[in-house]
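All chains are identified by letter, namely A, B, C and D, in their written order; residue positions are counted from 1 within each chain.
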């Protein structure tokens, strides 16, 4: 199915949640409301004509200037060889999204990573712990306003450049 | 696979494997007995492009700061000032922290004269981080000013020639270099 | 050996001592000599193994300490002795300390019946072969003890693997030995050797097809009992870190390695005794001393060739998994060994002294195998077109 | 009391010999975890109930660094994303930037990229198959593989001056043209190397013990592989004929003829460890094939396009996929028009493979976990980034 068809199929089911505009490209970008991401994804996966059987990537982007966090879902279909990117936004102060980990097992780790690095909370995620950073790390490092703590468990995180001496 | 097929297969493949290892016992070993039991120093066998420890030829440094800007980890610090009286660029400091350097080669690419370049030297181990800092400027020197025609100064010409050869290795958008 | 002891006490330098004390002194002396011999053999084996292995892998191996690195093993030994002997705080310290010695005892005891030459044996007991398989089983107690007392789960897994493995492989090994015993009628090591001759067609290896199979059965089971690749599961460095020896350091870990390399020579010696004609040499001279030396040398070289084969196998094969290890033993080796032994019994009943035609046929078969092997080696050399380097010295 | 009977009933496992669960800590210093990985293994004797991966020991926040160093300056860091096959990471980042800014790479530049990446792929696969052998206890194949990789390192050293962290590609092309006589030497090397693949196969791949160790271990069906987002050789090992080089053509790959080997379950079940291993062995041959075509047919011309030193692409977001050694590597880059990217996200092959291990490990033996890690070709820096 071509990008227009995918978008139309989504619009039919989720007229309110799916943005009428979409951006063409190798990955056609469809903007989706944050609350209905999980349902949209379920449709994309389960509808035979769409058949997106693989979540290729899930990335969060901190748009500090707009005070929101964008989350991108890059979906692939090995069956039909087509692809689509879903874009959704959530407020920066309390970023919450429904989980898609029950649809694609890989989303489990990708969402954990997104929580770890950007602080996006995925509701109903079975095991939302930090993935890359230590369990007791404070803050989410990929946030634009993240300030690295001076020390971690007594280990200094700073080392002055010897060239400054 | 059947019982006897398994036995046959095991015997055959092990026999074959033993033949291969036996044939290796008479092949020449590939070990390079660095550093003492080799005919040529390893440094001399390395290709011209090899990215070893950084070196700077101050004689042809123009003080343009392109390398300092290009370095992604800021391991190069240059202090260059314009002398008010002679209106010449004076280099007061050219330090490279080799402990931080990751030998990416991004600094030597924009250099207009090939002054900063990688050498084939790679033996940089030392006992302290301080000693890894190379301070190239001992006393303030006047930066090199490229002349219009070919370089005439016999002291600088060979250095510049080597520098330009180094630059030539890099690909340029204009075509085959 | 008893005659020698008696002679020393009656006429030699132990004259006048009470007989019991004399025996103790003689035995201690022999034990000391044997221990040094084994240390030397194990040490040289460790160096040689590294060199052979290295050449298989296109490397050179240790070549810096001494000429061609030949005293590398001494340097390693000294290094290990100087190292701190660490006993983990949670370990069962007495058992942990004792385990290496127990493993050492197990394999060292077996050397009492290794026949180095005609009459050159510590104790030619009439159940020699049985004694070997009994006393080497002590090694497993040592390894199991090491694994348990380390209080480390990897070590425990290694120890338990070792126990399962060594006990299982006793059976095919014993059956293979029995196949030979069918033709000798004796369990004594010297007796078995005397039943063979110096020429290959008089060896049990080429005696008949069943002893030929028994040789491979025994060699494989012996490798498994000696924890050698492809059966080095107790140590399995890519799975169990270092298996039962994970927590050992310094001299104690060295002792385990001594057992491993010493065991290798023991495997070779027993195989030589059973199948390769032991110390048998043609009587080319009247001098007893020269003949004795030739016998010792023959035995040593034959045994060492098998050690070399074990090194070579280690350089070639991957390791089996623990369930495959058991499958191999119980589904393949044990049934084959039983069938083989029964057929051998029939053979022995029909032709008790063997047949010259069977022997000749087996020899031709063996030669054919060797030639085919050589052809394959040449084929691989031709295909890869490598630079050849025939000298072992680099 | 009925209590004791209850326990006996509950303990009826396979064979009725289930015992107390044992927790083993495998890594981060375990000899066969490639790099710094850690598994918490819940085992019942030798049989694992579960192996829980614990990652992050090699997290160097490369994605955060990207936001600080700019587009040109990030190129050396991409070497470190997957230092076993750095070339393809270089290419991924370069392609992402080119797509953001709409830069066309000269054809010779694309060929140079293909040559460099395919050499990188051979080197990486050699490490992978060699390490699989070593994890199975055979050390000889590993040294043989490393020996051949050493030659490839020499070739790449001649091309770009470094042996591991190449930093060869630039936005818009490559930093260095092929040195004089390079193609001849490279082809001479391939002539030497190709018979050695056969030798390697006979030494280890067809060895009965080795086959037994890998066949039927941890088979992955095609559907499961796709839903776990396994990519590259791991996906193809499950029988899915999908290769980004062929199916989403990029660079100069459409101009070359090559096969995409897939697992066939030749020695056991489709998608088992042996299939994944054999896919890698066959890909080495295909890479040699591509290399021969590329080295012979390389066009003349520049290798790099004109790109300003201060690189400021138009605002936008791109997601670029390259076929790295460990499969489809996704590079997601967001630009806001300044000299620094807003966000870079790298989705790597090992990451998905690592996520799949917990599910795969159920009921395997401890020795099999090693085989699974090796056959999935997990490289720790790629998982943690």
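Just so it is clear, contacts are C-beta pairs under 8 Å (C-beta built on N, C-alpha and C of every residue); 3 or more make two chains touch, one makes a residue touch a chain.
Computed from a predicted structure; not experimentally measured.
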{"item": "Length of the shortest touching-chain route, chain A through to chain D", "value": "1"}
{"item": "Of C-D and B-C, pair with higher C-beta contact tally", "value": "C-D"}
{"item": "Chain centre separation in whole Å, for chain C relative to chain A (CA means)", "value": "62"}
{"item": "Computed distance of Cα centres, chain C from chain B, in Å", "value": "53"}
{"item": "Where chain C and chain D are represented by their mean Cα positions, the distance between them in whole Å", "value": "43"}
{"item": "Whole-Å gap separating chain B and chain D, where each centre is the average of the chain's CA atoms", "value": "28"}
{"item": "Chain C: positions in contact with at least two other chains", "value": "56-59, 315-317, 380, 384"}
{"item": "Residues of chain D touching at least two other chains", "value": "140, 147, 199, 203-204, 207, 209"}
{"item": "Multi-partner residues of chain B (each touching 2 or more other chains)", "value": "6, 14, 16-17, 20-21, 24, 30"}
{"item": "All touching chain pairs, where touch follows the definition stated at the start", "value": "A-B, A-D, B-C, B-D, C-D"}
{"item": "Complex interface listing, chain B residues touching chain C", "value": "6-7, 14-31, 33"}
{"item": "List of chain C residues in touch with chain B within their complex", "value": "52, 54-60, 312-313, 315-317, 332, 373, 376-381, 384, 386-390, 394"}
{"item": "Interface residues, chain A side, partner chain B - complex", "value": "161-163"}
{"item": "Residue ranges of chain D in contact with chain C within the complex", "value": "22, 24, 30-32, 45-46, 133-140, 143-144, 147, 192, 195-196, 198-199, 203-204, 207, 209-210, 212-213, 365-368, 370"}
{"item": "Chain D partner contacts - residues on chain B that touch it in the complex", "value": "6, 9-10, 13-14, 16-17, 20-21, 24, 30, 46-47, 49-51, 70-73, 102-106, 109-110, 118, 169-177"}
